[in-house]
Amino acid sequence: MSSIAIAPRAVTAAASLAASPAVPAFFEVRSIGLAFGGVQAVRDVSFTIEPGEVLAIIGPNGAGKTSVLNLITRVFDPTMGSIHFDGRDITRVARHDVVRHGIARTFQNIELFDGATVLENLLLGRHRAGHGSLLAQMLNLPSVRRAEAQTRARVENVVRLLDLAPLRHRPVGELPYGIRKVVELGRALAAEPRLLLLDEPASGLNPEETRQLAGWIDDIRAELGITVVMVEHDMSLVSSVATRAIVMDQGRVLTIGTPAEVQSDPRVITAYLGT
Amino acid sequence: MAYETDYDQARRLLRTPAQRGAYGALALVLAALPFVLPAFYVGELSFVFIMCVASLGLMTLTGFTGQVSLGQAAFVAIGAYVHTLLLASGWPLPLSLAGAAVASALAGLAIGVPAIRVSGLHLAMVTLAFSIITEHALGRWKGVTGGHNGLAVPEPTLFGFGLGGTVPFYFLCLAVLTAVLLVLLNLMRSATGRAFVGLRDSEAAAQALGIRVARAKILAFGLSAAICGIAGALLSHYTQYITPETFGLALSLQLVLMVFIGGLGSLRGAILGAILIALLPSFISLLKPMLPARLGSQLGLELFIYGGVLTFFVLLEPTGLNGRWMRLRKWLAQYPLVTASASHRNKVYMQSERNR
Amino acid sequence: MTTLLSVRDVETWYGPVRALHGVGLEVHAGQIVTVLGANGAGKTTLLNTIAGVVSPHKGSIRLDGEEIGGLDADAVCRSGVVLVPEGRQVFPFLSVSENLAMGAFARRSDPAVRRDVDQIYEWFPRLQERHRQPAGQLSGGEQQMLAIGRAYMAKPRLLLLDEPSLGLSPLFTKEVFAIVRRIREQAGIAVLVVEQNASIALNTADHGYVLELGRVAASASCEALRQRADIKDFYLGASSPPTSPRRLA
Amino acid sequence: MMDPLLTQAAQLAAQGMASGAIYGLVALGLVLGYKATEVMNFAHGDVVMLSAFVAWGLITRAGMSFWLALPCVMALVAVLCWALEAGVMRRIVGQPQFAGIMLTIGIGFMIRGAVSMSFGPESRTYATPWTDRSTEVAGVVLSSLSLVIVGAALAVTLLLYVFLRHTALGIAVHASAQNQLAAYLCGVRVKRLNSLVWALSGAIAALCGLLLAPISLVDLSLWTVMLKALAALVLGGFGSAPGAIAGGLVIGLVEQFAGVYLADGFKDVMAYLVLIGALVLRPRGLFGDAHGRRV
Amino acid sequence: AGVSDKEIVLGTHLDLSGPVAVAMPFIRNGIQMRIDEANDAGGIHGRKLRLVIEDNASQPPQAVRAVDKLLRKDEIFAMLCPFGSGPCVATAKKVADAGVVTFGPYAASALVRQAAGTTPLLFTTNLHYDSTTSAAVRWAVEHLGSRRVGIVYQEGAFGDLVTRGVKAALAARNLPLVAEASYKVGDIDLSSQVSRMQAAKADLIVTATTTRETIAVAAEVKKLGLAGVNVLTASPGRAGLTVALGKQAVEGMYGCGTWGITLPRHATGALKSFYDSYRKRFGSEPDDISVAFYDYASWFVQELTRAGRDVTTDKLVKALQTSSFKGLASYDTQRFVDNHIGPEWTRVEQVVEGVWVPRSPVLDPSKGVS
C-alpha cells in the first residue's frame, strides 16, 4: 500500500504498540482496509482502545467512519487487516456472533424493528442471553418463564436509565426521530455489551438533548463499565465525553489524540471543522 | 424475588378476569356446539378448524418472519400423504400425526435452506415452483401415492375408538387446533417469536443483536411446514380420499388469503381469516337462491363474488380482520364516552421493499 | 416586503394524534426563516404539511396569496415550494446524476439544467466524484448533500429544509448554510429551515420561530431570539452544566 | 439436406423461441406494472384473457377487421387498466407488497367471473391474417403467427427498454418505485404516472391476448399462461425488460428440449426446476441488479 | 330420505367456478331440461323432482363439503350425474355410506368404482376412457394399419386411464407404445409433444386431450406436414366443439366417443325437437354433451318411475339393475353389466368436411380387452 509512506505519526505509534504481542490490547484494529469496486472506503486503518475509554471517530462525510463500524460488526469483510477483541481475533466471526463477543452497536440511519413496540425492541436487544430451547419455549416451561422474567427485569433497568417508561408500549414507527435514536441506544445497551459502537448518536438531537445524551454516555462508561466508540459530528459532545478522538479522512486515519488536541490540529480544521 | 412474578404475570395469556371469563365461555360453547348443531354444520366447523391450523402454519412464516410462501399446499400435501401411508401401514394415530409433522418439517427445511437466499417475490416464486413440482411428483410416483387415482384414507382411531364420526372428528380437530395455537402463543411471546418479528423488520439490526437470521428463517420454514403437515393429516380424514389435485395452487392461494385478510402478524388474524375464507363458498351458495334466477344461474357468479369479497376486504381492511377486531374492542371499551372521532386519514406513500 | 408564504392556523393530525395545534407563520420573499423546537415539537410535521406530504386538517397555507394547503406534494412542488425531507429520501438505485436530473423533472425542457448541475458539483465536489454511483450507497452526509442538491435543481421560489445539518460534518454544515445564503442572494430563493443546530441557524436566518408541542411559542427576529435567555439555555447550549444523569437502579 | 438430428434440434429451438416469446411478452406487461408500483399484478393473466374475449367480440360479433380490432382492443384494455389503477390499486399504496398480490388476485377472479357471465364460458376462436400459414426455412417449419409473436415481443422489449432507460419519464418510473415520497417532492405526478404505466401494461396484455388467442383459443383458462410468465419474470430478474424476454426464451427452450430429450413428465416441471436452480445459484435472476441496502 | 309427499330431492355437484366451468352449462341444462319436462308432465307418481346443484370447483375438499351439504342439509334421495373425476372419487364413498344412490357420475368410472368400494348404490354410465379408447386403437391397428402408436395425454387421472387403455390394446397385438408425452392443463403449446411423436416416428398419435389441446395437436401435425400420421382422440376431444373451433386443423382426425354427435342442422325427429326446445328454454345453442346428459337424466327418470309410488332406495336399485335404455344419442341399447356398470358402446369416427362421420361399426369395448 503506497499509503504507508505518508501515514501520519499517530498511526505508526499505534501500529508499533500493536506489534508488541506481550500486552494484548482490549480492542485493536490492525491496518484494515475496505474497497467497493473502485471506491477505497477504508485504507489501512489501525487503532487500539483501552477499557473504559470513550473513543470518538470524527472526519468529513464519506471519510469511512461508518465503514469502520461496519467492518468491526462484520457487515463487510475487510479486504485487508484484522480486528482483535480481548485477545481474540474476531476478523472472521459470523455477523450474529459479534454481539456474543460483547460488541453492540447502533446505526446511523436507525434500524429499529418498526412493527414492534419500544419494549419488544429492547427485549430483542437481549436476544443473545439465554432463552431456553425451542421445545421449552413452545411449552412455556418454568425455566423459560424464569428467563423471560429476568430478561424483562434487566430491560427495565435500561428503560429506567433512558427514561423510556411512558413509551414502553408505543410502536417505534410513530416516534419522533430523536426518541427513536434513544430507543436504539437502549436496545444496544440491553445486549449488555462490553464495547458499544454508536454511529452519530447525537444527530437530530438539540443541544439540550445532546447534553442529556452526554450524561448517559458518561454513565454507561463509568457505572456500567462499557467502553464506547462513537462516530460523531457534534464537537460539543465529543469534547465533553470522549477520552480520545480519531480523525479520518479519505478512508485514512489523519490523526489520533485528545479531543482538544485534534481540534486544534490545522489539518483537522481545514478538512473537517472549518474556520 | 418479587419482580419475577410481576413480569411473569405481564406475560400471561389471559391477564384479566374478564378475559378468562370470555375465553372460558368460548370453550364451553365450542364443547357444546356439536350436540346442538345439525351434523352438516358440525362437519363444516371441523373443516374450518383444519383450515385454521393450516392458516396458523402459514402465519408463522409469512405473518411473523415476513416470508411469503405461495406453495404452502405442498406441505399440506406431504402431511396428508405421509399420514395416510403411515396409518395404512399400521401406525397409531398420534404417532402418524407426528410423523406427518416431521415429514413436512423436513420438506420445509429442505426448501428453506435454498429459499432463504432469496426473499420477497423471488421467494414467493420459489415456493410456488416447489408446490407445482410436489403436486406433479405426487401424481407421478404411482407406486407409493397411487398417482392421480389417489389413496383411500383409513378411518382415524384412537385406542380402539373410531374418530371418523362427525362429532368425534370435530373434537379431534378442535383439540389439535387448540394445541397448535397454544404452542404458537408460547413461542410468539418468547425469544424465538421476537426474533421472527425482528428479522422481518430489519435483518441488519437482527444480526447485530445476535439473531441467526438464516437459522431463524429456516426454523420458521420448518415450523410452518410442520403445522401445515398436521393440517394436511386432518384434511385427509376430512376428504377420506386424497388425490394430488386436492393440494394445488388453489389451496395455497386460499391459505395466503386467510393470513392476509386475517391480518398479518397476528394469530387471531390467522383464525379469523381462516373462518372467513373457509366459509365463503358455503356462504355464496346460501346467497345464490336469493338472487334473481337469471343472475343466480349465471356461470362465473361464484368466482365474481369471491373476487369481490377479497377485493373488498383488502381495500377496506388494510389491517385485516384482526385490526377491525382491535378497533371494535377499543370502541366497546370506551363505548359511552366515544365522541365522533376526530381521526383523520393521512396520505400514505409506497415504500419500496426491494432493498429489504 | 411581500409575503411569499403565509401559514395560518394550521392543524395537522396523525390518526387520532394532533401534531400541530393551529400554527401560523410567514415567510417573505427572499427571506431566510428558521424554526426551532424540541424533539417531537412538530417541526417536521409543519414542513411536511406545507409541502403537501401530509394534509392539514384545518387552516390555510398560501403561496403568493394562492391556497396550496391540501394539494398533493407534486402540485406543491410545481408551484415552487420544494422540500428537503427528513431522512434524505434519495432514490437509492438511481445514480447521483440521475437523482439530480429527477430534481429538475418539473422543468425538463429548461436548458439551464446543465448549468445547475455543474453548480451543484461545484458546491459538493464529493457528489461529482460519485456521480455514477447509486445514491443508496453514499454515506449519510453524502446523501444529505444530494438531497439538498436535488431540491435546488427544481429552482424553487421557496426551499424547505428539514434539518439540513443532520449527519454533516461541522465544515459542511457551515458550507451548507453559506450556500443557503448564496442561494438567497443569487437566485432570490426564500428558505424555511428547521434546524437543531440553533446557533448557526440563528446566525444565518432573518427571522425565527420556536415550536413547542405543536404551537408557536415565540416568533421574533433572529437577533432578538439570540438574546433571549431561555433560547440560549435550551437551544444554544451555552451555559448550564450537563443535566444530572439518572443513575442505574 | 441437413442431418435429421440437427434439423430436429433447429426445429425445437425455433418452437422454443416461439413459445418463449409468448411467456416473455406476458412477462413484459408484468415487469412494467411492477416497475412503477411494485405490485405483482396477478390479474395480468386475466387481462390477457379478457382482451382475447373482447377481440373475439369485435372481430366475430361486430365484424371488425383484425387490423382495426387490434388498436381498439389495446385502447379499450388500456383504459380499463388505467381505471383499475386509478380506482382500486391506488388505495392500497403504502401497504406491504403482499396486499397488491391479494388485491390483484381478487380482481383477477372478478374479471374471470365477469367474462364468464357476460360472454359465456365457451371456448371460441377467430381468424388473424396469419392463421393457418406457416413458413419453412431450411427444413424448420414455423407458423407465421409465431413469427409475428416473436417479432412483437422483440419490438415491445426494445421500446420498453428505450422508454425506461433513456427518457425522463422512464427514469421517473424507476424513481417513483424506489421512493414514492421523493418522487412527489420532485414534482412527478406520481398518480398519473402510475395509471399511465398500468395502461401501457394493459395495452401489452391486450396485444398478447390478441395474438395468443388464435393459438390457444379464446378461453377462460388463458390466464394460466401467467404462471409461466411469472417464472420467466423471476428468472430474468424482476423489473428488467430484456430480462423478462430472456427468461421467457430460456423457459421456452428448456421446455421444448426437455419435452423431446428427457423422460416423459419432466417437461411439465422443467420450467420450475430451472427456476429454483437458477435462483439458488443466482438469487437476483439473470438480469437483476445486485445491490443490497447499506446500513 | 329426500322423498316426501310432494317432492323427491335430487342432488348433484358440478364445477361451477373451477377450471372446467366452461362445460357445465351444457350438462346442467341437459339434466335440468329433462327434470323440468318430468315435472311439467305432472311429476313422478305425483311427486315433483327438485334438483339441488352445488359447486365443487373441481377441487376435492370443496366437493366433500358440497356433498356433505347435499346429504345432511338437503337430505337428497339420489345423486344424479355429479361432475369431475377428482370430486367424484373423493366423495363416492361418502355418498354410498350415507345410503344414497349415485347415478351416472361424469367421471372416470373405473376410479369412482375403486374409491367407492363394493356398494350396490353406485351406477356408472360413462367415461370408461380406458376401454373405449382401447377398442378404438384395436380398430385402428386393424383398419388403418397403425404400427407405431404414441400418446399425448393430459397429466392426471384421465390421461392415465387412456394410457392404460392404449397399452392394453397394443399389448394384445404385441405392439410397443413408441412414445408418451404429457402436458399440464393450461399449457399453451403442444409442439414439443408432437415433436416427441415425430422423433419416435409414430404413425398413430392417440390424444387424451380436451378441446383446445386436441386442436393444438392436430394443427401441429398439419404444420409439420407429417404425412401418413393419423391422430385419434379420446372422448372429450371428440366433440362437436372441437370441429367447430378447429376447422381446417382437425380435418381428417379420428375420434372415439360414447354417444353419437349430430349437428343441429342434421337433426331430425326427437333430436330435432330436443334442440328446438333447448334453444327456446335456454336461449343458447346446445351441444352433444347436453344431449348426452339429457339422455342420462331420462334414463334415471325412467327407472325412478318404474320403481313405483312407494319408492325407496332399494326399489330404485332393483329397478336400475334390470333397466335398459336407448336415448337420443345412444349408439345402442344400454344395460348395466354386473348390474352396475354401464358399458359404453363406442364407434370410431372421422372429421370429414367439418362433420364427425362413422368409420367403424359400433364396437363393444368389453369384448377383446382382458
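Each chain gets a letter, A, B, C, D and E, in the order it is written, and its residues are counted from 1.
As a working rule, a contact is a pair of C-beta atoms (placed from the backbone, for glycine too) under 8 Å apart; a residue touches a chain by one contact, two chains touch by 3 or more.
Nothing here was measured: the structure is a model prediction, and the numbers come from that model.
Peer 1: Supply the minimal count of touching-chain steps required to go from chain A to chain E.
Peer 2: 2
Peer 1: Which chains, if any, touch chain B and chain D both?
Peer 2: Where chain B and chain D share a partner, that partner set is A, C, E.
Peer 1: If we look at chain A and chain C, which chains touch each of them?
Peer 2: The shared contacts of chain A and chain C, listed by label, come to B, D.
Peer 1: Which of the two pairs, A-B or A-D, is linked by more C-beta contacts?
Peer 2: If we tally the contacting C-beta pairs, A-B comes out ahead.
Peer 1: Using only Cα atoms to place each chain's centre, name the chain farthest from chain A.
Peer 2: E
Peer 1: Could you tell me the distance, in whole angstrom, between the mean C-alpha positions of chain B and chain C?
Peer 2: Centre separation, chain B to chain C: 47 Å.
Peer 1: List the centre-to-centre spacing of chain B and chain E in whole Å, with centres computed as mean CA coordinates.
Peer 2: Computed from C-alpha means, the inter-chain centre distance equals 37 Å.
Peer 1: Which integer distance in Å separates the CA centroid of chain C from that of chain E?
Peer 2: Here chain C and chain E have centroids separated by 74 Å.
Peer 1: Any chance you could list the residues of chain B touching two or more other chains?
Peer 2: In chain B, the residues touching two or more other chains are 136, 204, 299-300, 302-303, 306, 352, 354-355.
Peer 1: Pull out every residue in chain A that's touching 2 or more other chains.
Peer 2: In chain A, residues 66, 75, 107-109, 111 touch at least two other chains, as defined above.
Peer 1: On chain C, where are the residues touching two or more other chains?
Peer 2: 14, 53, 72, 92-93, 136-137
Peer 1: Mind giving me all the chain pairs that touch?
Peer 2: Chain-chain contacts present: A-B, A-C, A-D, B-C, B-D, B-E, C-D, D-E.
Peer 1: Sort out for me which residues of chain C touch chain D in the complex.
Peer 2: 51-53, 72-74, 77-78, 82-83, 85, 89-94, 98, 101-103, 105-106, 108, 134, 136-137, 150-151, 154
Peer 1: How about chain B: which of its residues touch chain E in the complex?
Peer 2: Checking each residue of chain B against chain E gives 38-40, 43-44, 47, 136, 139, 147-150, 152, 235, 238-243, 245-246, 248, 250-251, 281-282, 285, 299-300, 302-303, 306.
Peer 1: Going by the contact rule at the top, pick out the chain C residues touching chain A in the complex.
Peer 2: Per the stated touch rule, the residues are 14, 36, 38-40, 44, 86-87, 126, 130, 133, 137-142, 144-145, 163, 166-175, 196, 198, 234-237, 240, 242-249.
Peer 1: Could you list, by residue number, the parts of chain E that touch chain B in their complex?
Peer 2: Within the complex, chain E touches chain B at residues 16-18, 21, 24-25, 54-55, 57-62, 64-66, 68-69, 71-73, 86, 89-94, 111, 114-115, 155-157, 159-160, 184.
Peer 1: Which bits of chain C are touching chain B when the two form their complex?
Peer 2: Contact set of chain C toward chain B: 13-16, 18, 53-55, 57, 72, 92-93, 136.
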